[in-house]
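Working notes, beginning with the structure itself.
To keep things simple, chains are lettered A, B, C, D, E and F as they appear, and every chain counts its residues starting from 1.
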Amino acid sequence: MDEKQYIDLAYIVASILFIFGIKMLGKAETARKGNLLSSVGMLLAMVATLFYKEVIDYKLLIAGVAVGTIIGWIWAVKVKMTGMPELVALFNGFGGLASLLVGWAEFEFHKNTDTVTLFAIYSTILIGGITFTGSFIAYLKLAGKMSGRPTLFPGQKAINAVIFLILLGLGGVYIFQNSAWSLYAIIALSLLLGVMGVLPIGGGDMPVIIAFLNSFSGLAGAAAGFVILNKVLIVAGCLVGTSGIILTIIMCKAMNRTFGNVLFGGFGAAGGGGSKGVEGEMKGVSVEDAYYVLEAAQNVVFIPGYGMAVAQAQHVVKELAVMLEKNGAEVRFAIHPVAGRMPGHMNVLLAEADVPYEQLCEMDAINPMMNQVDVAMVIGANDVVNPAAADDPSSPIYGMPIIKAYEARTVFALKRGKGSGFSGLENALFFRENCRMIYGDAKETISALIAQFKS
Amino acid sequence: MDEKQYIDLAYIVASILFIFGIKMLGKAETARKGNLLSSVGMLLAMVATLFYKEVIDYKLLIAGVAVGTIIGWIWAVKVKMTGMPELVALFNGFGGLASLLVGWAEFEFHKNTDTVTLFAIYSTILIGGITFTGSFIAYLKLAGKMSGRPTLFPGQKAINAVIFLILLGLGGVYIFQNSAWSLYAIIALSLLLGVMGVLPIGGGDMPVIIAFLNSFSGLAGAAAGFVILNKVLIVAGCLVGTSGIILTIIMCKAMNRTFGNVLFGGFGAAGGGGSKGVEGEMKGVSVEDAYYVLEAAQNVVFIPGYGMAVAQAQHVVKELAVMLEKNGAEVRFAIHPVAGRMPGHMNVLLAEADVPYEQLCEMDAINPMMNQVDVAMVIGANDVVNPAAADDPSSPIYGMPIIKAYEARTVFALKRGKGSGFSGLENALFFRENCRMIYGDAKETISALIAQFKS
Amino acid sequence: MENLEILILLFFVFTLSAFLGFELIQKVPSQLHTPLMSGSNAISGITIVGALLACGVADANFGKWLGFAAVVLAMINVVGGYVVTDRMLGMFKKKGK
Amino acid sequence: MENLEILILLFFVFTLSAFLGFELIQKVPSQLHTPLMSGSNAISGITIVGALLACGVADANFGKWLGFAAVVLAMINVVGGYVVTDRMLGMFKKKGK
Amino acid sequence: MKIFAPKESDSIETRAALDPAAVKKLVGLGAEVSVETGIGGRCDHPDASYQETGATIISDRAAGISGADLVVRVRKPSSEDVALLRSGTIHISFLDPFHESSLISEFASRGISAISLEMIPRSTLAQKMDAISSQANLAGYVAVILAADRMTTIFPMMMTPAGTISPAKVFVLGIGVAGLQAIATAKRLGARVTAFDVRPEALEQAESLGAKALRIDLGETGSTAQGYAKELTPEQIAKQIAAQAKVCAESDLVITTAKVFGRKPPILIKADVVAQMKHGSVIVDLAAETGGNVEGIVPGEEVLTDNGVRLIGLANYEGRVAKHATQVLAANFANMIEHFWDAESKTFALRRDDEILKGCLITHDGEIVHERFKS
Amino acid sequence: MKIFAPKESDSIETRAALDPAAVKKLVGLGAEVSVETGIGGRCDHPDASYQETGATIISDRAAGISGADLVVRVRKPSSEDVALLRSGTIHISFLDPFHESSLISEFASRGISAISLEMIPRSTLAQKMDAISSQANLAGYVAVILAADRMTTIFPMMMTPAGTISPAKVFVLGIGVAGLQAIATAKRLGARVTAFDVRPEALEQAESLGAKALRIDLGETGSTAQGYAKELTPEQIAKQIAAQAKVCAESDLVITTAKVFGRKPPILIKADVVAQMKHGSVIVDLAAETGGNVEGIVPGEEVLTDNGVRLIGLANYEGRVAKHATQVLAANFANMIEHFWDAESKTFALRRDDEILKGCLITHDGEIVHERFKS
């Protein structure tokens, strides 16, 4: 066994540390320790690398490491709490650029290599480049050095598609020819694609984009690993790449968005405008996705109706409320005077479930606060949240005051199906942009949500 | 790329299929599909192997495959439902033996190999041998061809330890010398160790042992993979090896045992005897372990006491009860007439939580059935389950009828600490062999249990 | 040396598989314990690959016959294992309904 | 050929890591989203290993200077990433109390 | 606009048409509110509390009535009171219009705009002024409390050292507003409740409160557009009575609430069923005032049968919780007045095209204007 | 052994010492049981039902008493009844021994073995015969039901189209058995309950039923070995009264249950506090029979104060649910007799060394044998 094998063993250990690190980062109690573990892994991988007999020029190395360490450290220590997310974006961009440079350097060292390596270099540069400029734009948007509003112009989508296709073509050329010009073109265009891709995305979505680009920079690292046939690069890069994708999806869910919507939503935003959406379609949502939104909510209002009584869901509703409170959210119950089928119907049920009187709000008390509510949970209520009562003079319930659920950021409506309420009316709320239906018996739906919370 | 690379790619695909297969086998809805997927993976791996250019003698191969297939198929199809576990044991033994033979064959083919391969051969044979005879004994015990009672004799532990040490020594010799005699000795002794190891374990614990030996046979396969440097053997074997260990631990938990207790408990059984255990110590149990027991229980009785009232745990208790019922268990509530601090205290609370009247059992009704109960959940009750009332004439509550919680197979007692009940007495129940304490506020404990169930 | 590199890579593969194995099985309902055991038992018959290689070689060594025996045994394990598991799960489903 | 075998093995390693990556992150509380992102961002600085190799070689090629730049950038990513993450998690803990 | 609320003259009535909170609301709208002295005497509102929120106390009843533009009261007025009303005055109260045709003619002839609380449509929009609902709701609660007070047994189950007391069995017949509240109250006290109604949707509503629904196959039944039950055919009633007999016999308490809008309530429990019931059991008939659902009931009284069953047939259940009954009734009045209030002229605007008013305005401008009472 | 249960002579008493179920149990033990005719007349048990389970009906009360070896009854006997007892007879009933020294001497002088139900120790073992508990439990329930019936307001919260009815505020003073059941019942009906007791452990018990505990720092308090509260010092009582005043004033219903074993109950609510309470609120005093916790209470009656507060001070709350009260009381008797039953001789064995009997046997063999009453 020569030094290589020892280095490889060290890499295995480092990989294991990364695995534990990522796993532990996902749990509140262990996160800090996980971060420490993964940093130890990083140190190990770096030190091990120094033992390669090809590594000779320590002076330059040490200089580079020192400069990088000092800059990184100072930034990280100096940054204010509020500035952290953009800093992470910047760091991430540097990581991507570093991968790009590693790929490029390899090209400079070994002009003649096999197809696989060429492909790997191509991937490294492409992904690294997009990561770098994409992250940089994200940084600018978050730091307020650039407007957070989506930057849009006509034909944007098409231009991006063309750039992407050219990049694919250039890839073919490069792998076939191994020519320097194609490589430089790839570098330039991938940098451009990063800029173009992130420009149309709004500032509010930047955290998701950073998570996504972070996953990208992981993949760039993994690709670089294939360039230089290095295990730890492959493992760590791939771990970050895939876990980053999962994280991206989770973050989208917490915003009640799909990833596609985040990535390309900006384009849509240009066209849509504030259409009133009287028609449209009811959009369902899975219990799991609803969980992510609830988990992130700070202010939740339950609006129970006759359906809660039918489902006898009061006990589980109470339990979910307790859970949300433990999770840091403010929870209230908005009771409409005619909810249910007898005066005080909801009171009977919620008292049975021991919901504290303080959490019960009358309609008039809750309505002015409704627009600060993150999630309105409409539990088998229908007529009492029907905006037609306020909007539509032709409706038989026009003039009845309702609980303004539709003003909440997100509305989840729990119903078994498309059944109407006591008054037999269609409910426009269910068609609104911010409303999502969760079909099924309310008790079972809530139980399932609780299950999500507990797992 | 020659045929080897294609084969390797096929192996990667097969590995992925195994990964999905195992994952899906762990969930009720997907289990059957998972089994199918993994069988496809197996077929793929086998077919791919045939393409190695070293593989020439198809006739013998086909004969072997045919014979094995027919035997396996017929056994599997003919066996009665009740006979399945022992058949699995037998199959598992064959798998272990096959690994042993593969290792041995490699020895016959390549007399001169490097240390690593020698170590791999040694591991394969050792693990395969133990798996084979161990599984076979398990088969005999389960099939009733041998007494299910632990077979015990003095010094058993010591003898096994000696055999194991000799095996370790022989391993050293073999790796150093690569001598046939040492190999044969290893074969013989590992077969012996398998027999000796399983003999002292009772028939009731056989399922756990089979799961364990199954994990072993996976490891044997992985070891064989190192012998012939075969990726799919390593991956699949290792997957089975580790997931099997997890399964073994889960199964132990469901029996409220530790694995060590299962493996070496038989020895203890010889010594212990039915000591009355008036003293002894209270044994705690984690919520997670309690979950496994509850999850496997068919018959659960809740015994609420004043502590349930203090914790206001009635709602969560009800919820857990519903959950257990959904899981297939029969659930009842045993109400002692003096439980709580006022007549009917428990009734008030359980009615509030909407526990159906049918599930409430009076003490006299439940006591005769107590010995068929899998789990008695004592929720903050103390005096009303204190066996001193029946056992100990010096106790101030001697003569009061109690709920015979101690007759249940397992008792979980939920309390905050070592506090005594209204009468201020020590409770011998908590020191019994079959009783486990779950410390903490009853509401929180039950909530945590529910969380376990839901995840 | 190249061989050693491969060995180390295989060891790497082994390590990663071990982690995967641990991660895959988290909480298994008790009714599935036996089928899961049986199903993974069938997978452990993967040693058939080794057996096939040992049995299929040209030279009529003693090892070849060991290999033949291994093929038969492993095949019983594989086929029997999968079929039994499938039967168990089939019944399970019916009961569920 | 040996090289190809190694490549395939590396690919294998890549595949297994991908599965592990998917399995590791299951459900993350929303407060941890940012730290997790930041922490794994630090890990993605693993490209430092490649940078070190490129920078540390003997020949004073242009690639060496690319490597140097890569070392600096990757190091910022690594050090900055870990420190920022730790700070975030530190505050998180304090808040919790 | 001058609003006047007289003291109730019927000795059975404990409620008042207005309470201090309602007075405050009306004064806020710009009305001049006066009440007769002693109006809240039986519902725990001393005169002073009315004054505090802005009402004038009038001791001369006749002057109050004749001086008002709008009179609100609980019970239908006596002829003398009607005679005091000026032409053009609006008069809102319960009127029992199906049985009081002479009173209606009197109103018409004197040019009064009489609004009947009974006739307020049961639409979602009108719920805030729906006095039938607000009172029936309390009646349902009272039925259970009254029974609990009269029974020699308790409601909840208790497993005690002195043996187990089994939970009371309660049967609620008619699951309208009152029936639902009776179910809720009995359930709260720990009873096992069974309930029946001819309207199938009402059974689901009973279940939504945790009661067991008794399902009897009666063939075609239904409810009117207003949500009231249709009258059953004699065969259907016979079928129902038979199916109920067993449940009644097992029950400790039976509460009947089955009214049929505008008609005499059906007899649902015959004497033979009462005879089968246990010694000590109780029947509360909420329909007693208009005749009752139970054979043998004496309206306004409690009678004990030979086999020890107590039949309770009071007339004014909600009046037993007079303070709260007044609170919600007065809120109904105030909501109605607010709904039809013309902010500029500060008067009650009789918008004749309004759906609600169409339903409940009986006489106007010297005529009977309501479709159902025209003939 | 002949067991006889006479009909209660006190007109206030609705309970009976035995019910048919208890008779059955005693007959099962091998006793000859007879009851006076009409014994269950006020608790819904006709004579026939006693006969069905094996009792003889005796119409000659004197013969019944003098012929019995064991007499069970609810209330303490009149002198005439004592005079009828044969020497050596066992007599079990409530005796009020702290205040009835002449009755005790009579028992002693006539050689009766008199057992006082009040004196049964409150040990876990004796709970099955603890009549004080079994009756106090029902009294707690009755207190709430009675109040609910009398109040002009309802208990539960209701958010209705006619406004919100806020939940009743209930204050329970003294958290013994009755207090706990009162808390439970009021909570069930939807009230917000606050509770206070001098024993700190009782506050936790109140919380275990969902009530809010009022915590007043009184310094050293405590309970006797039997679990009864110790008497407070005058300063402590003053402190307590002040702290309670605010809670009382806000409450719609106050229930007091504070007895101090063997002494006159303390006055916990003074007239000035009552004067601060709302018009229409109600106070139920469960300690009224022995003097009451409330100033102005009239034992056995309901009075209305000037400010409209209803003071209820009945004597026999549990008697209002006579059937169930009889059920558990009779079970207490039966359990006690079973506990001391000698299966061979089929007699009640007066095991003088028994802890329970030591506690409750007052006279025996011509002597007062109980420590506390010897002097």
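General observations
In this text, a residue touches a chain if its C-beta (ideal position, glycine included) is under 8 Å from a C-beta of that chain, and two chains touch if they have at least 3 such contacts.
No experiment lies behind these values; they were computed from the predicted model shown.
Path length between subunit A and subunit F in the touching-chain graph (shortest route): 1. Chains that count as touching both subunit B and subunit E, per the definition above, are A, F.
Same-residue interface: subunit A and subunit B share over half of the residue numbers found at their contact. When the C-beta pairs in contact are tallied for A-D and for B-D, the bigger tally goes to A-D. Chain centres here are Cα averages; for subunit D and subunit E they lie 74 Å apart. As a whole-number value, the distance joining the C-alpha centres of subunit B and subunit C reads 20 Å.
Remark: subunit B and subunit F have CA centroids separated by 56 Å (rounded to whole angstrom).
The residues of subunit E that reach two or more other chains are 127-128, 133-134, 137, 156, 158, 160-163, 165, 188, 190, 210, 328, listed in rising order.
Within subunit B, contacts with two or more other chains are made by residues 15, 19, 231, 235, 312, 337-338, 343-344, 348, 352, 354, 452, 455.
The multi-chain contact residues of subunit C, meaning those touching 2 or more other chains, are 5-6, 9-10, 12-13, 16-17, 19-20, 24.
Annotation, chain-chain contacts: A-B, A-C, A-D, A-E, A-F, B-C, B-D, B-E, B-F, C-D, E-F (touch as defined at the top). On the side of subunit C, the complex with subunit A involves touching residues 1, 4-5, 8-9, 11-12, 15-16, 19. Across the complex, subunit A meets subunit E through its residues 306, 309-310, 312, 337-338, 340-345, 348-349, 352, 383, 396-400, 422-423.
Those residues of subunit D that touch subunit C in the shared complex are 2, 5-6, 9-10, 12-13, 16-17, 19-20, 23-24. Across the interface of their complex, subunit A is touched by residues 3, 6-7, 10, 13-14, 17-22, 24-59, 61-64, 66-93, 96 of subunit D. Across the complex, subunit E is touched by residues 14, 21, 43-46, 127-128, 130, 133-134, 137-138, 141, 145-146, 148-149, 151-154, 156, 158, 160-163, 165, 185, 188-190, 278-280, 308, 320-324, 327-329, 331-332, 335 of subunit F.
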